[in-house]
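So that we are looking at the same thing, I have put the structure below in structure tokens.
Per-chain residue numbering starts at 1, and chain names A, B, C and D are given in the order in which the chains are listed.
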Amino acid sequence: MERVRISIVGASGYVGGELLRLLLRHPYVEIAQVTSESHAGEPVHRVHPHLRKATGLTFCRMADLKPCDVLFIALPHGQVAPRIEAFAALAPVLVDLSADFRLRRPEDYARWYGHPHPHPEWLSRFVYGLPERYRAELRGARAISGVGCNATAAILALWPLVQADLLDPERPVIVDIQAASSEAGREPNPGSHHPERHGAIRPYAPVQHRHTAEVRQALGREGVVLSLTAVDAVRGVLAIAHAWPRDRIAEPELWRIYRAAYGEEPFIRLVKDRQGVHRLPDPKAVVGSNFADVGFAVEEETGRIVALCALDNLMKGAAGSAVQSLNIAMGWPETTGLDLIPVYPA
Amino acid sequence: MERVRISIVGASGYVGGELLRLLLRHPYVEIAQVTSESHAGEPVHRVHPHLRKATGLTFCRMADLKPCDVLFIALPHGQVAPRIEAFAALAPVLVDLSADFRLRRPEDYARWYGHPHPHPEWLSRFVYGLPERYRAELRGARAISGVGCNATAAILALWPLVQADLLDPERPVIVDIQAASSEAGREPNPGSHHPERHGAIRPYAPVQHRHTAEVRQALGREGVVLSLTAVDAVRGVLAIAHAWPRDRIAEPELWRIYRAAYGEEPFIRLVKDRQGVHRLPDPKAVVGSNFADVGFAVEEETGRIVALCALDNLMKGAAGSAVQSLNIAMGWPETTGLDLIPVYPA
Amino acid sequence: MERVRISIVGASGYVGGELLRLLLRHPYVEIAQVTSESHAGEPVHRVHPHLRKATGLTFCRMADLKPCDVLFIALPHGQVAPRIEAFAALAPVLVDLSADFRLRRPEDYARWYGHPHPHPEWLSRFVYGLPERYRAELRGARAISGVGCNATAAILALWPLVQADLLDPERPVIVDIQAASSEAGREPNPGSHHPERHGAIRPYAPVQHRHTAEVRQALGREGVVLSLTAVDAVRGVLAIAHAWPRDRIAEPELWRIYRAAYGEEPFIRLVKDRQGVHRLPDPKAVVGSNFADVGFAVEEETGRIVALCALDNLMKGAAGSAVQSLNIAMGWPETTGLDLIPVYPA
Amino acid sequence: MERVRISIVGASGYVGGELLRLLLRHPYVEIAQVTSESHAGEPVHRVHPHLRKATGLTFCRMADLKPCDVLFIALPHGQVAPRIEAFAALAPVLVDLSADFRLRRPEDYARWYGHPHPHPEWLSRFVYGLPERYRAELRGARAISGVGCNATAAILALWPLVQADLLDPERPVIVDIQAASSEAGREPNPGSHHPERHGAIRPYAPVQHRHTAEVRQALGREGVVLSLTAVDAVRGVLAIAHAWPRDRIAEPELWRIYRAAYGEEPFIRLVKDRQGVHRLPDPKAVVGSNFADVGFAVEEETGRIVALCALDNLMKGAAGSAVQSLNIAMGWPETTGLDLIPVYPA
């Protein structure tokens, strides 16, 4: 079989590095070009030290891109939408990992991103690249939007409860999210400076986090709010969702519901043991892999359900889900190139 | 003025080490004896490397304790209550940092600790050592219980809202707590092993955390639930409380309420800036000090109030509040020995 | 081709977990049995959270081991030698990752381990499993000893200089080694307790480190001393070797020497750029992979050569080199199952 | 006694924040002005979150400085020398924490900093602010240069050996230094970005580190070379010096030498126990304090002496030594304002 030719726009960021880690070992593809405006002409390993000896590629400029089969776009938010027609002219299949095409309704985009979408007609052409939620739509898709890492953790924790229509519609679900530092990308900023971030437990967006929109869209439910805190880890997101059921529910019934929802999923692991250090999801156990660990607990006294999801923000929360979605879109076995076992402990 | 003679039982743990750090510099006290069953006969600095050259004390056994003016007890939970009569015979003033005398009602103790209290008659003699809540009762107190570090963060975040009777009584407050590793004490366990804990974002008690009882007691409100997660820091607790008001409330009004509650407090800092890395409470900014940083945010869309509190679990969450309470009980200036500026960055 | 059946003794430690991560994806092998005395009867993922869904294996006891094709032994030091005959009866090929069979001369073992070797006749049957040094001997080997992680870093940094006979025989090479916490294994100890190890820069063995013996043996040179410091990372070793040449040598000549030694090595990357964050070896850039990054610098003023090597102590420093050695011994392509790209940043 | 009025130039950096932490609690001084060009007009706590409630000061511009009694200068290297006359016109006593006036000989400055010193006549007016080495010269000094943090660790480790003339003059001392991230100051850079620095063990300057010049000057010995590595901690430096004696020396003799050199020093602690986690110096045990922990080991086989020193780079390595030097210069008790016990664990 001839390999599909893939180019990556904006390949010098962390998501770009992670896409390369996956696609350089993917048996059905080959990397044609990788772009970086600030590193054009430099070997990829100058920026991505892990890729030394794994690739001899050199960054080129976006202007030098040639047509290819699949174009991955890993540019910062807001830089894709204005160029979408140009990107579409380069490849029949687009996978955009920015936030520009995650929302379906132009009014949602305008509300959460503070300005009208420059190409609203494209919003409905994209499929949200979360196979556990949109697998059917991803088959044969030609435009796939990447997922928000925090949103993915929240959605995967809650989807079985929503799908089973278990939750009290009157009471909002509150999702506390704890996130690692690679989430904010490669660009240094005062908050990412090591002396400031090391050991921090820093409320970042206790209200009005933008990923709220993706979560509500995927769950089909307005009553969800997020709260984001930054902690001292490089990879990982943990979502802790506090939800109130219509009626008291016991843990065995929740087991049934989560198993029904995720039992066949190749990358979801149900983690809920009675004891042990690893009895509930912890992003540390999925580092470097495409697994999302999902678990739950019920507070007998109050009925509160706590639904948890831990994932690697650069994998299941970005590059991993994107490749998984591409596999589905192209009709390849869904786990191709993604059957990596987490690196533990790391 | 003659110095008050203080002995510390169980001084080889982290809280014991922190008490020594404070009391060795406290102008009105002197340390008489410090006990450790496993390190009896050893110099204190063998166990507490920071105290080298700060003290020449040597650990003795509990059985060797002599009468003193004030007895601090820093034993593990459950080891104080059975011996309370013996301790009371040693000193007219007791400060117990375990959880054994934090709850007022025997039935609460039985419910949360799983067995009847061995000396329930002592429960009402103790004052909960949180000056911001029980200052009046602490004056002249002869039995002071230490505070739970997580509970303190939750109480300090929420007390102004409860005091002002702002919250919807029908909707439980959910408090997400992120905690550092020194909270669990000095004894190694599989979860505290560095390769396992480093970089972890680990749900520890998403439901039914014991500190819930203290929080409810201090707030006088049943509708509060906690969720505890362990993160990669050594010192620090962050409480993020999600609360729903009776009626929509605007931030200026919350400012007024928090200022009214805490404006005169020597150790509470209101942290709520419009921008900047340090715009909200982060335990990193209080390391080594007795400060509790308190802040809040309101979600305009939903009305949700997020109240936050960051503190150093060994200081304001343990030794610091205990010394502050003793200062009040003895009639000394409340900040004596506690006016330490945080160490930042650390 | 029929898969080779491999069993792992002592599979519940970190090296055991890493062997499983590799061997579960190795195309020529299958895992027959894994033993753990303390976890017998439990599923592997209870201990190794990363292996959940990657294997359904359950630990058995050593006493339940059946004959297999290759036996990996990942027991603590000192526990293998007394049982070597029993292990040898189980499988025609042994790979022992303990330190018990790393030294060739019984007198060296006695000197560095403080007691005579219980089966000295076996010492010469083992090949030291470092392909970059002993590839020829590993072909067809039937007893392979694992490498010391610190020793490997020191050897790989220095071997080209020694091989080229560049170093002044009169002046000892001093190797400063900085090591991560997983090196000490899974068993918690007071020094591995998170509050104690987090942020530590702790001299562990400034003199007389046991790995000195392996380094001297592999380099064929007595004049090497080690100094080991523990730092705050989970995976990784950095060796910084300070060496004095017979005659001044310029960097281009060193380039030639290192390229000659390692140019064909599949897992060694020469890292020496003029600028950039990643201009010299850093274990962070090899996490989860079998790469060893090697670099050097020359101090013009003094002639001092600094040779550096960074590797992942659980991979190139343990499980990775062991699998690579097995591949060679069995006649398989050397990189089989090991072509993992590092996880970066992590 | 009237308080001495101190102003701080460049007070928004980490050293500035640490000076404020010390001087705001110093009984003989008051802070007059603090400057920051980029934060002029902002309250100090906006930049230094730990100082909230500890001071109501606001940053002003350098141009607004008024005369004062003592001027502390905490500007980046290279920014002080050109302005030295202007600073000298503002205050009769100068304490400069940059590297601009640390070297006595203009030719040394030119060699290590790559350009001639703009005011070489000032070099000999400054006293190097390390009391353990230059106490006599500091008495009554009117110009004090701050110390290099790495240099201080190296000097304090080695000074007793040099003073006793124990070392082989033919064999260079090699000092491996492991340093925390606050050393590089507040300005973010690609290497200080949290995802890049977290968990790193990164060779920074294996040869030709600039602090070499200070070390040689203080030890009066050319034969010393440094090697600097960056590790994952915020505060702390560990120097591991490998030295060769003229004649074999036993540990008891070294004990005598170190005790003779440092027995009366208020801020040096000799740390050398037979066992225990804290048996040798570790910067973790001095965080937030002015202590330098010094220890040593002898390798019986080779005679190698390892001398170690751990300190807090912002304290003994910068602000603490500067305040200690000022205390001496002004004739105040040397430990005034500096008797802080380390924060441990942190």
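Things worth noting here:
Heads up, the rule we're going with is that contacts are C-beta pairs under 8 Å (C-beta built on N, C-alpha and C of every residue); 3 or more make two chains touch, one makes a residue touch a chain.
Labels paired with UniProt names: A, B, C, D = Putative [LysW]-L-2-aminoadipate 6-phosphate reductase.
Just so you know, these numbers come straight off a predicted model, no measurement behind them.
Taking A-B and A-C together, the chain pair joined by more C-beta contacts is A-B. Matching residue numbers shows that A-B is the pair in B-D, B-C or A-B whose interface repeats C-D, with more than half of the contact pairs in common. Taking each chain's centre as the average of its CA atoms, subunit A and subunit D sit 45 Å apart.
For this pair, subunit A with subunit C, the centres built from the Cα atoms lie 35 Å apart. Touching of two or more other chains is recorded for residues 14, 182, 190, 195, 198-199, 232-234, 282, 284, 287, 345-346 of subunit D.
On the side of subunit B, the complex with subunit A involves touching residues 171-172, 174, 176, 178, 180, 190-191, 195-196, 198-203, 206-208, 225, 227, 229, 231-234, 236, 238, 240, 242, 277, 280-284, 287, 295, 297-302, 304, 306, 308, 310, 345-346.
Within the complex formed with subunit C, the subunit A residues making contact are 14, 17, 21, 24-25, 46, 48-54, 182, 199, 234-235, 269, 271, 273, 276, 278, 282, 284-289, 291, 293, 339-346.
By the touch criterion given at the top, residues 14, 181-182, 186-190, 192-195, 197-199, 232-234 of subunit D touch subunit A in their complex.
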